[in-house]
Every structure is written in structure tokens, then in C-alpha cells.
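There are two complexes below, and they share subunit A, which is joined by subunit B in the first and by subunit C in the second.
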Partner chain A sequence: MAEYSTDDNTAEATHKMTRAERRQARRMRRFDNPWNNPKLFWGAGLLLGIIALGILGRLFWDLELVFTGSGMLKLPPIGFENLRGQEGTLANPLGTDGAGRDILALIIIGAPNSLFVGLLASLIGMSAGIMLGFTAGFVGGRTDDVIRVLSDVMITIPPLLILVVFQASFGDVSLTMMALLIAGFVWQSPTRLIRAQVLSMRESGYVQMARLSGASTFHIMFKEMLPNLVPYLFGSFIANVTTSIVTAVGLEVLGLGPQRIPTLGRTIYEAINAGALIQNLWWWWGIPTILLAVMFIGLLLINLGLDEVSNPRLRKLS
Partner chain B sequence: MGRIPRSYLINRLITLLLTIWIAATLIWIIPRLSPVDPADIMLGRMAAGAGSVANADEMLAQLRASFGLDQPLIVQYFKYLGNILTFDFGLSTASFPTEVSSLIMRALPWTLGLMILSLIITFVIGNLLGALMVWEHSPKLAKVAIPAAMVFTSIPPILSGLLLMWIFAAKLQWFPLTGAYGLTVEPGWTWDFVQSVIWHGTLPAVSIVIVTFGFWALGMRGLMITVQGEDYVTLAKAKGLKNRYILYRYMIRNAILPQITAFALKIGLLIAGQVLVERIFAYNGMGKLLYDAILDQDFPVIQGISYVIILMTALSVFLVDLIYPFIDPRIKHEGS
Partner chain C sequence: MTLTKRLLGASAVALLAATGALAQDVAREDTVIFDLDRTIKDPSNFNWFTPGTKRMHGAHQAMWEPLFILNYGTGELDPWLATGFEANDDSTEFTISLREGVEWSDGAAFTADDVTFTVNMALTNEEISSREAATIRAQVASVEKIDDLTVKFTLNNPNPRFMVENFGVRIFGSFLIMPEHIWNGQDPATFAFSSPIGTGPYTLTSAATNRAIWDRNDDWWGAKTGFMDLPEPLRLIWLESGGEESRAQLMATNQLDAAQNVSVGTFEAIRAQNSNVTAWYDDFPYAAADPCARQLEINTTVAPWDNANLRRAVAMIIDRTQIANVAAEGATVPSRTMFAEYGSMAPFIDAVVEAGLDLPARGDMEAGKAMIEAEGWSMNGDGVYEKDGEELAVKIHVNSASTEYTRTIDVIVEQLNRAGIKASSVPVENGVFWGEVLPFGAYEMSYSWLSCGSVNEPWASMGRYTVKDVVPVGERSPGFNNTARWDGPEAEAYSEIVDGMANLPLGDEAIPGMVAEAYQHLDAGMPFIPLVQSFKLLPMNETYWTGWPSNDNYYNHPFFWWNHTHQIIHNLEKAG
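And then the complex of A and B:
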């Protein structure tokens, strides 16, 4: 009887709702969805912007301009004048560097490359971390000890310094190689995260239930436990992308990293060495710097958004 | 050992030693996997300087012997492990025959000074701002302005350093562009020198501070949210204590402790970031030394710097782990 009357009420309410009210209700529902977060949108938008720059740039801009001597030297962007009184031209809308390379072509190739290194390194690190974390949490014993101590040790070692030794010894590396090397230093935090969660979730009701109902360990790990870890894992993934890009840019600014592909960090390195700061060639180092800043801000916004997804207390705050 | 269980202490000690050993081994193995021969590089430098080198083969053998490269690998390895325990990294190949350790000792005070100073400033500012973000009585402006400033958190200090350098050193010329002190002042404990050091150090320090305070502020925000709802805060309010007193003595005091462990996880990245800032400001620290060594392919110096920085990181983590239970009695250490 009670159930019947409730149903009746709701039906009546839906019927009486005006269009505005329905829109309001829909908006409330949308705000209720934690994934529907402005910070997440803005962050993802900034990163998509950089990817779009790479794709559209390849379609609509002549990338041959990235080669040395393809334009006049040290031309300013359109609307500016350099110290020699030259004005920016349409042929090089963002100006050129000290070797006549077109800055626009440089960032079209360089910006997605930086993102690629970060994503690849973090993806490999994440996969390794998930495997090791689950193994440590489930197998326990000696295996757990080894994995735990190893991740404790490796989390202390700053990747930049080992990679400096590596690249100083080996010289030129490819982008993929650099990503692989960085991946060797970003598996620790997902490993620790997963291990801790597995240890605490192993005893929780729904995992016990799954075990009682005869689910395989594999099923429990990936179908029961992993979905609960998604916001944390995603947060750790994004943080690792940031670390990886920072490390890659650090190597490039020290003059290491890939030597034959234009990267944002290497452009900054060349600009500093050519005294671009004193000569007021701000577009040479400034444009790559701003692009990197946009990338980092985008990643941070995504991470802040994810924090709010996984921690409802933060949601209420803002 | 006071209140620290022995098993915990042993565990941390093993981690510390393992970290140092693995780092030292990596630093040793990697250059040996590469086809580049340091003796070759040195000979090349001599040939470039003098036009030609007589008896090149003998020279090469002599140089190899002086670097110990003629011995079997396993002997080299254990000699190396013994040497680095006493901070003996051999001789620099670029500024031969200066010892690497003396080069590092010259650079270390600058790096440590800049690091400790900027760390203290960031820790205080970051935690205070993070607390203000949550505190119910903080001014409206704080709740809008601080999250906006937080956007800079994710930018590595090298980028903020470039921007500050351009604005304040190249454009406005308020601060010097490079170096750790003026070329005209004599190093020593004179007022002129100290003034020059502060003037030169401001930009590098600020470029680190403005991008790292947000890390502390974010952590503090999360901790303050937890502390805010605790019973002792409600009780303090009910007692009628002053809001400011509650903020400092009840809330921040309890929230700040876990921040110290966050430091242990972050220190490696902080040092790496600072190395890069020193490189762009040509500040007389380890960053500049490392950059010069990379340019000169001076392997002993690169190895020495990497080792010293990793050692510094590992020791700081170890110390934080040891001191922490004394600062925060709520923490109980289990065996594992």
C-alpha cells in the first residue's frame, strides 16, 4: 500500500513538472555526478588543445620549416619587432629561432612529443605497478617483501640523475627510449597504492563474498577490486605523467635527450645558450615555456578534479 | 633506541643502505655499458688542445691505468664501492687533475643554502595558505586567490625561473641575470659579499618558492578538512577560545605533522628541480657543475654529483622516518 502511494506521488510530480523544473532537475542530477567536474573538463580541454595543435598543425602547416636555415634568423612573431627592426611575417607567424627554424613548426612537432613521452612512460609504469602491486598484495611473503623494499628504494632515487648518467654515456636517444627509461622510475607509487589497497580490501565483505562464490583470484583482482581503485589509479597516472614530462624536459634543458627531433626542452636549451634572454628574443624560449606550462596546468586540473571525485569532502568545500 | 622499535629501525636502515648501494651500482654500470671510453675523450681533448699527441697508444694505456680501467671489472667495482664510501670519486677529466670531491665540496654549500632557505619559506607559506583555504574565518579574498595561485604548482621551477629571469633580470634589471655573487666582490664574511649573495639568490629562490608552495598548500588543505571536524576543535570553540588561537594551536598543529612525511617523498623531485634552476641561473651550485660536466663529458664529476644528490635524498628520507615518531606520538610503528 505504502509503495503504491509513493509511486503515485512520483508519477504525479513528473506530470506536473514544467520544462524549467525538468531542466533544473537534470542539472542537479548532472552536478551530482562526481565525474562531471569543471576542473576535469578544463584540464582535459587544455591537453586536447595541445593534441589538436599537433594534429591540425600537421595537416595545415609546412613542417619542413623546422629545419635549420629554412627562414630568416631571429624573426619576431607577427605584430612585433626585433632588435634589428625586422617585423614578423605571415611566413613565420610565431617567429624563428637563432638558426632560422620556424617556431610554429617547432611547437607543432615538439608539444605532442612531450605529452607522448609522459603518457607512454606513465602507461608502462602504471601497468608494471598494477601487476607488482597485486602480486605483492595477493602472494605476500617473500615476494611481497622484495617488491615492497624495491619500491621503497626506487621511490627515493630521483630519476633525473640516473638518466643524466645514462644519456651522458650513451649520447643520443629516441623519444621512445627516453620514455622507457623514465618508466623505470614511475612504477613505484602505483605499486605501493595498489598493494596497500589490496591488503585492506582483501578482508572486505564483497571480496570475501566473491571468494566464497568461487570466483578465481584473477576475477577478484580485475573485476571486483580494480574498479574500486580507478579514481586513485587515474590520479596516480596523471601525477606520473607530470613527473615524466618534468624529467624529460629537465634532461632536454641540460642538453641531453633526443638530439635529432625538435623538443620543447631542447628549444629552451638552445635559446638559453644563445643568450635569448638578454637579446630579448622572448618568443624563442617563451612560447615553448608557455606551452609546457599549459600542459602542466592541464594535468594539475585533471588531478584536482580527480581528487574531488574520490574525496567527497573536498567537493562540498568548493 | 627510545620508543622506536628495533625492527623498524633495522628496516629503515636496510632500505637506506640498499638505496645507496643500488644507486651507486647503477651509476657505475651504466657508463660501462656504453661504448664511450673516458680515456679516449681525454686524449681527444688533449689532441684538440695541442694539435697532435705523440705516443698516443702509450698515453691511452697510461690514462686507462690512472682511471683503473685496466683491471678486471669485478676488481674495479669493489674498488669503486670502497672509494665512494670515502667520497673519493677520482679525478675530474675536464679540470684534470682536480679531485671530484673538492669540486663538489665547493658547490655543495651553495646548493644546500639555496635549498634549505627556499624549503623553509615554502613550507611556512604553503602550509599557512593551505590552512587559510579551509579555515572558516579566513578572508573571502583568500578563498578565491589561493586556489587561483595554486595553478602554478604543477609548473617545474625551471619554467618559472625563466619567466622571472626575463622580467626581473633582463627587462627591469632589478636583479642580476646569472651567478651566485658579483664578480667585483671578494668572497668572505663581509657585508658587501653577503649583500651580493642575497641579491643574486633572490630570483632562484623565488622561482622555486612560487611553484612549490602549492604542493604543501594542497596537502594542508586535505589535512585541515579532516582536522576541522574533530571533536577537540568543536570543544575548543565551545570553550570560547579565540578563533586565531584555535587555528594555530589546535588545527594547524595537528594537521602539519603528516606534512613532514610528505616532504620525504617529495625531496628527490625538489632537489632535481633545483639542479635545473641552478643551471639556468648559472648559480655556483651542483646544477651548474653538473651542466658543465655534461658539456665536457666529465664522467667522474657526473657520477660524483649524482651519487651525492641521491645520498642526500636517501639520508633526508631516513631522518624524517626516524624523527617522525618523536614529533607525532600518535604514530605507532609496526614491525613491517
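And then the complex of A and C:
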């Protein structure tokens, strides 16, 4: 058996296991706690990093630097030189944009803002989706028809088009307002998906049993069925956050977001508008882009992790 | 909006490539491509009396010629379709001599009949609204033909500036003469003139929303009569480039020969990639002084900005030096008065400065705040002034066509917010800004240059804010005059002095004193707030064409969207 031994000394010490047995044991451990998932950790870590940037930045950095004209124009990050031969300084470690705003201050405020819009829009959208999806699936009949048709119609409307018109006519909007507008376009797919899940779950034994024992509709929907959908809902929520952020950034990059509140999208918009590409001011558009990428990778990892949590077949064996 | 423009720009390039492939007759080195900073909303309409992009897409640079062109270098009127003029002693009658042998591009002769016909059209049709037509209507009593090449104007009031103001391309355009044989019997308010003709050396080949193409007419009258040689370019294109970035990329890759205003940083970046790109000056600040100094327009009918003291407080708070440094990247200077800082304007600027009415280069926030507080406003918990539960707020409409505009307003919004005024900007598309926002008073504050006009005397600018041009909000301000709708005792006192100034001959010794006197009322009323001087950094590409105007080659200024661009085109020479 020596040729099968590994560096797993403890296993060797207790009793000799076959390779198959060890694999089985590892597999069982993993089943013990499906939440113990590296993708989930990495994803959450990235997002928490951005939140930490927001919190620590607010504590340790002068946020007044975020306003127009607070520093020299177009300074590069430390260790780089811009086209005019100016070098980056400690006062603006990530450089400044074309209007003298500090990039570090911009991302300290802007990155959590983008995340906030995504979370808020998704939270509202999901809540509506859960309510409507459960109602449609469980109550059925006319209610189901109305909700289904409504969400089917909404799903065909491209949100960005409508939102561009909305925002353009509203003029300057607040972050919350933007989140609310976006929420109006992210409820329909959770509604449809949850409705489908509920329809199949409705026929399962424990629901039938609960119904027979006289539980109220509300009780069955939210006490019996909802807990079984939690991992799935989480996955859907995270996917929705991603969609909401993409939509929000899309609007901001078009210059339709809030004006005096820094966001990553607006920073990119201003960079493009002011000719940052040809002037090689890569830090102006590059740093916000990297942060957005980090945010999306984090969300994606969480989504993949949640998928594995809710679907054991995806959990790979080592 | 920007995305749309970007797409338009991209498709324009594709289109150009396509038309080039179709036509194939004009090579790139025979073509001059000018930058257009706006969309051509109605490309088949060439009725320049009506609002919209009807002239600056090549029509009045290549097709329609002016009678005279004011030469900014010499201060003289260079004759073009006319050869000269005479005025009577009190400047109430002007007799213009037209050039012999001028022809429309369809072969018909250009005569005094065309001039009297077009002027009469402007005189008798109240509904045509272009600035030049409105000015003619306000000044001219009658026009008569003396013979085929002589026209006599009789004015309502003495006006020594009549020629330069109306027919001399002093600012942007001139009163353009239209062919009588085509316009006769048409309603000038609605006629589209969709197959336009002119006297210029180019004719329209095609126009779309994002570009206009003009081809040389080798049968041009000027070459036949010996007035001038045919210009060298076979084809001219005005192309909507869509924003600073694409403008810069097109310039760097030689797909544009003359670009609209860019920032100093962008210009330096273009030059780093393409050493053939030049500007007015070889070195910083590169840019040419534009006669239209920048200002914050105010609608004086909207509360709380109908209070002159609040407007003066804003004027006090604004830090002009910061605007020059941040928005113009140091390429301009703060304005001291409403006037362009031209040497020819110095006597009038000095008069205002001596009277102590000039504006500070730096803002004085505390003084401004004290003025706001004196009007009964107090700071609330959010750091915003409040009175009777209303916050002191202002929306500033800004044309989104140039970084200069949006960034200036960003700076002002910031300064006002710091002082406790809740300011925000409202970016608007170029056409909407000029077509709907400014003329109808549909704004609280706005960024523009509507006092523009004076280059060698003060009246042209000052005369734009008199009470006779006040119209209610929602009605079109005549020729963009007094869009502030400034009225009341101060405005009346101001108007009286300025109207008196109008009748004095150029260079009269009393004028500087009158300027100072009128300026007191202007300062007290503050219907607009002068900000900074305007400098235009226009990249010009010498890869295919040389002979662009510059400080060393100063045959005239470089603003190639003006009616004087005929001179630029005639000066261009093929490179290499």
C-alpha cells in the first residue's frame, strides 16, 4: 500500500485508507458544508476589497480633492510621466484627471457608488420579482396571466433605450433615483424564473402536505418554499447586480448619470470626451476600468460559487 | 448623445470611403476636409434665413460669397462681390458698387437686382429670423437700384458701421445675397432652396446629416474675369467629427485638414503623433484670440435671478483665473469687461477700468456671500442658502459640443456650490442649445458669448442689450439680442446712452466716456457675467495643404466656419 500513501500523515496514522476511501471522505467533507467554496470566497473578497477601499479611503484620504480644480491637471500616477514630462506626486498618488480631480479620491467615492447603485437596484428588482414570481406561480389563474404577460412584455423592451430617454428628460439625477429607474427593468426575469420554479415545486410532496394541513398561502410560499430557493435566489440576485451595474455604467458613460457625484462610469465618460486616449492619460480611464473589471469578476465568481452551492453536480471532485 | 455622435462619426468615415469609392474622381490630395462641430439637422434645406445649420457646413464658405470681408489683420474691408462703397456725411445713405462680371453658378448674372430683391425680402418678411436679416430690417429704411452694378441704401438712423456690420463678415456671417431668378415668388420663410446655387467657386455635390460635399466649378466667374485664380482644391468636405477624441484621431491620421477647437493637451498629443499639424502660434498657447469673449448668460425674468444683486453676487463669487487655468488649461485670460481684449478695443476697456467697473480676475467668495445674505438668504444645514423654505438653486444650460463649454461650467458649478448656491449643469446638444434654449429664454443661466460683436468700436456689443430687443420668455429674441430680457430703469438708462452712441461717427472722442457711463448701469444690472477671453486652438494639417492662416501668415483669422473662409480656400496650396 506504500505506493498509494500521500503526504496526508494523519490519515496514515489513524488507519490505512484506500485511495477511493480517501476520495470519498474528502467528498463527504465537502458535502458537509457547500458554502465552503473558494470561488465564493474570492468573489466576496474582491467585492469586500472595493467596499474596504471606500471605507478606509473615507477615513484616510482627503475627499475634497474629488472636486474640479482641486489639483494640477493631468498628473500621472507615482512613478510615471505624462506627455508634458511631469512626474506623479504623493499628493495625487494615482494622478489627476483633465480638470484637476484626484483619481484616488474619485475611485474612493466612485467605486462604492457604482456598487451601491447595483445592489440597490437589484434588491428592489429582486424583491418585486420574488413577490410577483411566487404570486404568479402559486396563485395561478388570472393573476398568473397578468403577471406573466406583463413580464414577458417587459423582457422584450431594451432597458438602456428607455433609460436614456428617461434620464435625458430628468436631467441631473441622484444615485438613488437612478437605482430606482434601473430596478424598473430588472424584476422581470427573476419573476419568470421564480414562477417556473414555484410551478414545479407546487406539486411536490411537502407542499401538498402543508396544504393539506391547512397552512395559509403566505405560509406555504414564504415558510415552506422560499428556503429551498435561497441559493438559487442568491445566484439570481448577484446576476441582477451585475446587470444593474452594467446598465448604470452604460448610462454614466453616455454622460447621463448623476453629475456632481463621482461614479466610475462618469469618470470614463469625461475621459473619453476630453480626448484622454490620444493624450495617453491612461490612468484617467484605465483605473476606473480596472475597478469595474474587478467588480464584475468578483460578482461572476460569487455567481459561479453560488451555482455550485445550489447544484451539487457542479462541485468538482479534486 | 456622445455615443450617437461617435457612431455618426464612424459611419461618416465609412460613408466617405464609400462615396470616394463611388465617385473615385477626386483624390485625397485634391480634397480639403473641414471639421463640423454639429449635426446638419435638415441637409436638404439651404434657406439661410431660417434657423439651423444652413451656412457653416460649407454653404457660406464655398458657395455663397460676401460683398466684403473684414480683414482682422489690417482692419480694412477687403472687397469681394462689391468693389467699394460711399457713404454720405451723416452715414444715413450708403452706395455700393458691385463687381462686374459676377455670375451665379447657373450662368445668370449677379446684379443690383439680386441685392435689392434679397434686402427687400428681409425688410418685408417679419417672420424670417436669422440675425443678419433682423439687423437689416432694424436699420434699413429702403434700398434702390441705381444701375445694374450700383445699389443705394437709405437708413432709418445714422450708422457709420453699416457696411462692416451687415456686409463685411465682421462676426461669423454677413447678409448673403440670394439669386432673384430662383427666389422670386417663393415664400422666404418656408422655401427650402434645396438645389442651392451661389456665386462661389464650388457647387453642392451632396449633403447628409453628418457631412456636406462641394466640388469645384471650373467655370467660376472670378477666374474668367481675372478677379482671382481658381482655388486649388477640387473638392471640399465638411465632416461632423464628433467630439475632441475623434477629432484628434482624425487629425493625427490625416483624415481631417482643419479641426475645430481642441484643448492644449490634445493639441500637443496630436502634434506628437503628426508633426504636420500646426496652429495659429507655433508655441504655447497655440490658439488665436476669438472676438467672442465668454460669458454666463442669465435669464433676468426668472426668480430669484431677477434680482440684480444676486446676479452681482454670482459675478463676485466666480473665480475667472481658475476657469482660465482649468477649463482652458492656461490658454486664455480672465475678462475684465464684456469686450474682447483686442488692441483696437483698448480705449473702451480702459474707460471701464478707470471707472472702477472692471471685474476681478480672482473670485471673492466672502464678498459674494455677504451680498447674498444682504438679500435675506441664510445658510441652511446642508450649506445651501435658503429663503422662505426655498433653496438658492440654479440650472446652467451648457452646449455639449465642446469640452471648453462643459468644463467651464463644471468649474462654475463647483465654485457656486462651494459658495452655497446649489448649481447644476444641464448639457444640451448644439442644435437644441442654439435653436431652442437660448433664443427663447428657456434657461436660468447658460454659457455662451452673446455680447459678441465689437472688434474695433464698442457699440456692436453694447447695442445687443438694449430694451428695444426685450421679448417675453417663449418668444424668439431678435438676432439673439438681449436674450437676458434685461428690462427696468437700469436697462432703460443704459439703452438711452447706448442708442446715443449708435449715431456717433466711428472714433468720436465722446465714445469712451459714454461707454463708462453706460457700463455703470450694466454693472448695476449685471444681465450677463463676463468670464474669460476666448481662444480658439484650431489644428490645421499641412500634410496635403499648406497656406493655412497663422500669426506668421496673417492674411486673416483662422475661424474656418465663418463667411471669410473663401480667403482661406483661395490661399491653400497643395503640399509637396
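One rule holds in what follows: the second predicted complex is superposed on the first by the 285 of 318 C-alpha atoms of A that agree within 3 Å, B and C clash if a C-alpha of one lies under 4 Å from a C-alpha of the other, contacts with A are read in each partner's own complex, and residues count from 1 in each chain.
The working rule: a contact is a pair of C-beta atoms (placed from the backbone, for glycine too) under 8 Å apart; a residue touches a chain by one contact, two chains touch by 3 or more.
Predicted model, so just to flag it, every value in this text is computed and none were measured.
**Student:** Consider subunit A as the common anchor and indicate whether subunit B and subunit C clash or fit when overlaid.
**Tutor:** Aligned on subunit A, subunit B and subunit C clash with each other.
**Student:** Applying the document's definition of touch, where does A:P112 land relative to subunit B and subunit C: first, second, both, or neither?
**Tutor:** Once the two structures are laid over each other on A, A:P112 reaches no partner at all.
**Student:** Looking at A:L160, would you say it contacts subunit B, subunit C, both, or neither? Reply first, second, both or neither.
**Tutor:** first
**Student:** Compare subunit B and subunit C by how many residues of subunit A each one touches, and report the one with more.
**Tutor:** B
**Student:** Determine, under the contact definition given at the top, whether A:T68 touches first (subunit B), second (subunit C), both, or neither.
**Tutor:** second
**Student:** Looking at the overlay, does A:I268 come into contact with subunit B only (first), subunit C only (second), both, or neither?
**Tutor:** first
**Student:** Between subunit B (first) and subunit C (second), which, if any, makes contact with A:G133: first, second, both or neither?
**Tutor:** After superposition on chain A, A:G133 lies in contact with neither partner.
**Student:** Output check: A:N280 vs subunit B and subunit C. Expected answer is one of first, second, both, neither. What do you get?
**Tutor:** In the superposed model, A:N280 contacts both subunit B and subunit C.
**Student:** Is A:L254 touching anything from subunit B or subunit C once the two structures are fitted on A? First, second, both or neither.
**Tutor:** both
**Student:** So in the superposed three-chain picture, is A:L83 touching just subunit B, just subunit C, both, or none of them (first/second/both/neither)?
**Tutor:** Touch partner of A:L83: subunit C, not subunit B.
**Student:** From the options 2-10, 92-100, 200-208 or 326-334, pick the one stretch of subunit B whose C-alpha atoms clash with subunit C.
**Tutor:** Residues of subunit B that run into subunit C: 92-100.
**Student:** Hey, what residues of subunit A end up touching subunit B and subunit C alike?
**Tutor:** 168, 171, 254-255, 272, 277-278, 280
**Student:** Which part of subunit A faces subunit C closely enough to touch in the complex?
**Tutor:** Going by the criterion above, the answer is residues 67-69, 73-74, 83-84, 98-100, 168, 171-172, 254-255, 259-260, 269, 272-281.
**Student:** Touching residues of subunit A toward subunit B in the complex: what are they?
**Tutor:** Of all residues in subunit A, those touching subunit B are 149, 152-162, 164-166, 168-171, 242-243, 246-247, 249-250, 253-256, 268, 272, 277-278, 280, 282, 285-286, 289, 292-293, 296-297, 299-301, 304, 307, 311, 313-314, 317-318.
**Student:** Quick check on the complex: what are the subunit C residues that touch subunit A?
**Tutor:** 1-3, 243-245, 247-249, 252, 262-263, 265-266, 268-270, 272-273, 322, 325-327, 329, 395, 400, 403, 406-407, 410-411, 413-414, 417-418, 424-427
**Student:** Enumerate the contact residues on subunit B facing subunit A in the complex.
**Tutor:** 14-15, 18-19, 22-23, 26-27, 30-31, 33-34, 36, 134, 147, 150-151, 153-156, 158-159, 162-163, 165-166, 169-171, 177, 221-222, 225-226, 265, 268-269, 271-273, 275-276, 279-280, 290-291, 294-295, 297, 299, 302-303, 305-306, 309-310, 313-314, 317
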